[in-house]
Structure formats: structure tokens, C-alpha cells
Amino acid sequence: MSLALLIEWSLKSVVIILVILGGFAYLTLFERRVLARMQTRIGPNRAGPWGLLQPVADGVKLIFNEELIPAQADKVLFLLAPVITVVPALILLAVIPFGPEVTLFGRSYYLGLASNVNVGVLYILAVSSIAVYGIVIAGWASGNKYALLGGVRSTAQMVSYELALALAFVGPIMLAGSMSVDAIIEGQRHLWYVILQPLGFLIFLIAAVAEINRAPFDMPEAEQELVAGYHAEYSGMKFALFFMAEYGKMIAVSFIAATMFLGGYLGPFIDRWPLLGPIYLFIKVVALLFFIVWLRATFPRFRYDQLMAFGWKILLPLGLLNVVVTGVIIVLVGG
Amino acid sequence: MDWQDFLSVLPFIIVAGWATILLLVDLWIPANRKGITAGLAVLGLIAAIAAVISRFGIEREAFDGMIIVDGFSSFLQLLFLGVGVIAIAQAYDYLRRRDIERGEYYILLLYSLSGMLLMASAGDLIVVFLAVELLSIPLYVLAAFAIPKADSEESALKYFLLGAFASGFLVYGIALVFGSTGTTALSGMVAAIESAETTPILLLVGSGMILVGLGFKVAAVPFHMWTPDVYQGAPTSVTSFMAVGAKAGGFAALLRIFISALPGAAVMWMPLTMWIAALTMAWGNIAAISQTNIKRMLAYSSIAHAGYIFMALPAAATPEVAPEAVRAALFYLVTYAITNLGAWGVVLAMEKAEGSGLEIEDYSGLGKKRPALALAMALFMLSLTGIPPTVGFMGKFYLFQVVIDANLIWLALVGVVTSLISAYYYLRVIVVMYMRDGEPEVRSEALLNSTIFITAFGTFFFGILPGFLLKMINQVSLLDLFR
Amino acid sequence: MTIDLVLFFGLALIAVVAAIAMIASRNAVYSALFLVFNFLTVATLYLLLNAAFIAVVQVTVYAGAIMVLFLFVIMLLGTERESIGGRIRWQMPLSIVLGLALAGELAYVLLRNDIVQGPLADLTVEFGSPASIGRVLFNEYLVPFEVTSILLLVAMIGAIVITRKQREEGK
């Protein structure tokens, strides 16, 4: 392992984390503005031009909030839980390439950390499968029954929808004949998989929104029933970390959806100007983020039993069906 | 891999696939007409029997040696499927009577049978392990089928915990044998041992652990502790299937692994199996004497019979005797299956709806009230003791002869002496039936009666004319494949 | 000492400490979490051996699925703080003896095959990739693979059969 390589990787990691952190800050603003427009309000527009400094103001406010630790709480885990929650959101993007190979200063770089590993898709699944721990621990360590209920609910929910999520990945994997994210993008050079896999894309979107606990699947937080769910007892920066995790996952999921189904960084003239790659990807991600926010403005929350029934009785069989049909068609066409 | 490979596992595919289809079909069968499920399950078994018969006499390896088709496997598969048909027939009325009738019973039974079928033709330790699990897990659930009855729960929990424990031994033993021989394929192990490229100590420990794991399954002493409690607590129809099927399945694996794959290591396992056989015969028979509950008595009896079959293993350590020893064990398994299914059938007929009527005393006066049933029971008891003219006598005779051929005269003596001891408690049942007065409450259900009749007929018929069975068994070969 | 070796010993130390902590901790939730930690560390060790597939599967299956269910059950039953009850007196000496026996066996096998001293075999790029594992699984090990799936189905049916009955009784 040469020093140059080490520096390159460190830089890339930092960039990815910055994307998530910066994205998190401005996604909150984006969401509030978009939601406000959809509800014919104006939204935050006081801090800075168009409210652009609002995230900064929020951050400062949260830092000065009082940090409470309930007496009933398990101190160590209570402090650890927010950190554990954030980590998966930060490392999820490691296998997503941001663009094709580019040459800068006489060296060629991959715009991505580990996009060529042969288990890239499985890595995404693995990370999302351990993402549940932070929430569970937070719920349990708070020593509060609402928090615990929120934690238990989210465990059940995330475990259930993970299956559908994994099945939705199988379509692109079969079409590309590889679990490497690079190969899956390469397979979409002529046709995005969203066209070949409309059902898969739909299942992925639904399962992913459920997996990151966003409306209409925000059961673990359900303000009206559970106060605030697993993070009811959290305040200040620890609370901010949970928020960061939620929005970080939103961003990561959008990146993954764009990559697996919408051609990733591919777009017109990508071969001539490789640096267009990140821009195409950014556009697709923002469109998906808008879609997720739109969902929140449109749909009421599921009831808990409806949620589980939907995941197990509709989404999972559909996912299986999609896999079978895709497989049969691939065999018939001879791809 | 070609279509012939799939034909080789056709009986297994039929049974397991049919169980899965039946699981869906069962959803549309109304709860009070689960007899349809039972009937359909039997149809599946008949199809599987046809599949086995159609390829009887064929010998081949399939799926790169994972599956072995030979006379041994075909014969055992026929036995298992026959046991399955009778077990379903026995269960039908009993389940209704105890009000635990549900379609899943037959489906789980089919799955367990599919595990046994796989066990008979397993050619690889991995397949052996999976077959053991596939055989056992449905049985755990079946034992718990009378939930929330406490004794059924206790039975299932004990069976599950000790069974899981035994599986741990089995899989660890397999790992160590793999570490020693470098392969899990049975045929590969023969070659590895012959070329002396093995680590003897790992092989010793590993094969010992496999012996422990499978010893649990067949209820051999000192791994028998669970048997009386489990047999007593489980619904009797399950016990009947468990006592016959699971034991035969365990012996299928024991014979296959030790006699055909590890003959080169016979020096190691011969003394072990010899002592297990002697201890099992002795303890099973002695402990059975003091039992007053018929289910517990038959449980200890089944332990004792495991000991008799176990004698085939040390006998098979002598290479010249090995083929005969396998045949003797198979013959004994058949006699054990027929007799025991019949005896459990009588127990089923005597059991009252709430699960009582299981004491031996309850059999008083059976000889007067239901002479035919009492005669059948007497026949089964004689057969279990090994008194002519029953099939049990032929089985013991054949087995003892093989043991003496292998120069294990003292072991044969232990067998004869313990058989004499066993006469005490088997004959006591006959005495109670005919000599005591009582008013036993007996069920008369067509299906159950017919199974008792068939098994009683078999016990008697093969006792007088064992030629047909012996002829069939003489075609069975286990060892040719690896030579 | 190469970087790999440093990494290995660091990870090995963490894994061992996590394993000990798992046994030693009195709280079931902590035990479960230490076990998860141990799984993750071992997964990283697999990564060091170029076995990315196994590493990822280890995380998904053990840390992501099995242990989540463990934790779920612990929390749902609220048994995390309950003491295990009376300890068996001969448990400690017996476990030490058995542990030592196991260590001895391991050492024997490792030393006999010269695995410790010998260099790693040259592996092809394909080694341990999902494609090559899939190929082996669906050719050589087709029978065990399919039987395993039947086994899982049976276990699931069994669990449902047992629990559904109880619920009917509860009504």
C-alpha cells in the first residue's frame, strides 16, 4: 500500500463524509421549503438569502441546548446510541461511484471509494442490516417505555422491509450478471434498469423509505402515539445526530436508487467529459430526494399492523415474483 | 448433473415436494375434513413407493457422490415409506379423538419422512447431517402437537434440547473427520483412510462424536435418557412414528457411515460400538421391568432393541462378516418396525380420549372383551421377546448368528440373556390381558384396526415364512460401491 | 511487521476482548451487543484475508439478522437484567479443562499442517467471489443447498404450528 494511495483514499473518504454532512444540513432546509410550498406556506426564509443560513442557525441552537441524560437511562449506551446510528449512514456510500475514471495531473482516479469490489451490493445490504442497532439501543437505553416501543417497532419494521429491499436488488444484479456496482452501472449504458425493472424500482423505493423510517413509514417516531419514539429522551447534539442519521440515510438511499436503477453517473457526453458524471448523479439524487419529501407531504402514516401486513403479504411476494419473472425472461432471451 | 441424477433422488423429491404442495392445498380443506389431507399424503407416499420400486436394483452415484443409490438405500426407503403409510393411518382417528387434528400433522410427517429417505441414500457427511435435521425438526414439532398439554410440551422441549445437543456432537464430529480425511464424501474417506493420509487421533475423536450424535437419535445407552419421557409425553401416534422411523433413520446413517465409509478405522470404533451394544441391551431390558406405564415400557423396549441392532456394528468390523451383518441389521429393522408399529397401534386403540388408559393394568380383561386385539398384542409381545413363530425370533436368530460368526460370542450371550430378561415384562402384558379381570374401554376404528391387522399378519407371516424378506435382503448390497 | 500483521493483531485483540466481555457481562443486552461487536471484528478479519463475500455475509446474517432478533426478544421479554440463577459449581473447572482441550486441538492441527509458518497460497481473483461461490453452491453442493432450504421451510412451519395453536387457546 503506497503512501499516495493512502492519501487518495483518505481524501475520498473525507469527501464522501462531507457530502453526507453538507447534504444533511441543506436537505433539512430543502425539505422544509418544499414541504412549505406544498402546504402553501413559505417556510424558513429569514436566516440569510432564501433562508440559506437556516441550517447553521439550527446547528448553533442545538449545540447550546441542554444535554439531558434521564436518571433511568443506561448511561454508556445512551451516549453511544446516536454515534452508532450515524455510522452506517456515513459509510453506506463507500461503494457508490461518483463518476467514471478521470485523469487529473497525470494520474487517473476512480471517483469512488470501493465501487469495483465484487460484493458491492451485498455491502449495501450488510450496512443497512446493522443500521437498526443504533435505534434499538437508543430506545432501550433511554429507560422510557415510549422510547422502547419505538425501538422495538423499528426493529420489526426494518427487519421486515430489508427482505423486500434485498429482493429488489436481485433484479439489477441478475441483469448485470454481477454484484459489483461498477458492473451494474456499466450494464445501464444503453437502457436504465428502471425501464427493465419497473416493479423492482417501485419495491426498492417503498422498502427503502420504510427502511429509513421516513413518512409514511415513520412508525418508530410516530409523534402522536409515541411522543417521539426512540429519540424521545434525546436533546441537543445527540438529537442532532439522530437527525443527521435520518437525512444521511435519505441521501444514501437516493444515491443507491440512482445508481442501481437510474444509470448512476451515466448521461449524454459522459465519455467525452467524464467530469459530467458527478453532475448527472447529483441531478438524479436531488430528483429522488424531492420525491421522498413529496411522499411525506402526500401520504398519511400507516397503521402499524397495516405496515407489517403490507411488507410481508404484498411487498415480499411481489419481490419474489419479480425475481422469478426476471430470471425466466433472462433465460428465454438468452442474456 | 443430468436427469438421471434427479431420478436418483426422485422419491425424496416426490415426498418433500408433495408435502410443500399439500401445505398449500391444506389451506382450502375445511378443518373438519382433514382426512382428505391424510389421504392425499398417502397418495404421495404411494407415488414415492412406485418410484423406489421402479429403480430397485440400480446402483449409482448421483450429484458427484452426494447421493448414493444402491440396494441398501432402496430397501430402507421402502421401509420408511411403508412406515409412513401406517403412521398416517394410525394418526387419523387418534388425532380426531384427542381433538388435535390439523393438516400440518401429515405435512410435517411427510417432511420427516423425506429426511429419512435422504438419510438412506446420503453419500456425503453434509447430506447426512442435513438429513438428520430434516428428520428431527418435524418430529420436535410433532411431539409438541398436543400443546398446550403440559406433557406434550415437556416431551417436545426435552426432545428438542437434547436433539439439538446431539446435532452439535454430530456436526462437530463431521468437522473433525473432515479435518482428518480432508473430505466429507463417504467414498473419498475410504480412499483417504486406505492411503493412510489421515490423522488417526482426529479420526478417532471425530468418529466417536458422530457415534454420540447418532447414538442419541437411535436412543442407545448412555445417550438414551430422553427416550422414556419423550415417548411418554408425545402424542402416541407421534411416538409410534418416532420409535420406528427416527430409529431406523439413525441406523441407516450409522450403518452407512461406519460400515461403508470407515471400515479402515474399524479398530477404533469396534470396541466402542461393542460396549454401547452390550450396555444398551442390558440397561434397556432391566429398566423396562419396573415400568407400569405401557408407553414407558415400550420406550425402554425400544432402547433395548436399539442395542440389538447395534450389535451389527461391532460384528461388521470383521470384513468377511460385514455384508451379512448389514443384512441382519436391515432384517432386524424390518422386524422391529412391523412389530413395534403393531404394538403402538394397540396402545393407540387402548388410549382414551383424554390420554389415559396407558397403564399396563388397564389391559386387564382385554382377552375376553376383544380377543382379536389381545391376540395381536400377544403376538407383538412374543415377537418383541423373540419367541417363535414370530418375525422377532427370525430377526434375533439372524443377528445372533452374525455376531457369533464375527467371534463375538460373549456379546451374543449378552443378547440371549437380556432377551430372557425381557420375556418377563413382555409376557406380563399377556398375563394381564388374559388372566386378570377387567372392563377395558377399547376403541374400534377401522383404519387403526386395519393397521393392527396388517402388522399382526406381517409379524406372523414373516415369522413362519421369512424367505421372501430374506430373498429381498440378500439382494441388498452396501459395500460394492466403494470397492 | 507489515501493516497486515499489525491490523491482524489489533483486530484479534479486539475480537478476543469482545468475546470475553460478552461472557462476563451481566446484562443480556450488553452481552448481545458485545457479540455483535465480535462478529463485526471477525468480519474485518475475513476482509484482511481477501474474503469479502464471507465478510459481508457474516455481517448481514449474524450481526444484521440473527443478533437483531436476539436483541428484539431480550427487549420484548424484558429479561435483560434478570440474573441467570444458581450457577453450577463444577461449571468453571469443567469449562477450563474443555477450553484447554480445544486450544490444544487447534494448536495441534495448525502446527501439524504448518499453516502458521507457510505462506498464503496464491489465490486467483475469482476466489471467494460471489460468482464462484454461486457456481460451487449450485453444482457441487446443489443437494445440500436445496435440502437446507427445505429444512428452513420446515422450521418455519413448525414455529407457526406451535405458536398459532397457543394463540387460539388464549382467546
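Letters A, B and C mark the chains as written, and numbering starts fresh at 1 in each.
Simple rule for what comes next: contacts are C-beta pairs under 8 Å (C-beta built on N, C-alpha and C of every residue); 3 or more make two chains touch, one makes a residue touch a chain.
Just so you know, these numbers come straight off a predicted model, no measurement behind them.
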Most central chain, Cα average position: C
Per Cα centroids, the chain farthest from chain A: B
Whole-Å gap between the CA centroids of chain A and chain B: 54
Computed distance of Cα centres, chain C from chain A, in Å: 28
Rounded Å distance, chain B centre to chain C centre (Cα mean): 34
Of chain C, residues touching chain B in the complex: 109, 112, 139-144, 147-148, 150-151, 153-155, 157-158, 161-162, 165-166, 169
Residues on chain C engaged by chain A in the complex (per definition of touch): 3, 29-30, 33, 36, 40, 52-53, 56-57, 59-60, 63-65, 68-69, 71-72, 75-76, 80, 129-131
Touching residues (chain side chain B, partner chain C) in the complex: 1, 9, 16, 20, 23, 63-64, 66-67, 102, 104, 107-108, 111, 114, 118, 124, 126-127, 130-131, 133-134, 137-138, 140-141, 144-145, 147-148, 156, 179, 199, 202
For the chain A and chain C complex, residues of the former touching the latter: 1, 77, 117-119, 122-123, 125-127, 129-130, 132-133, 136-137, 139-140, 148, 151-152, 155-156, 159, 162, 178-179
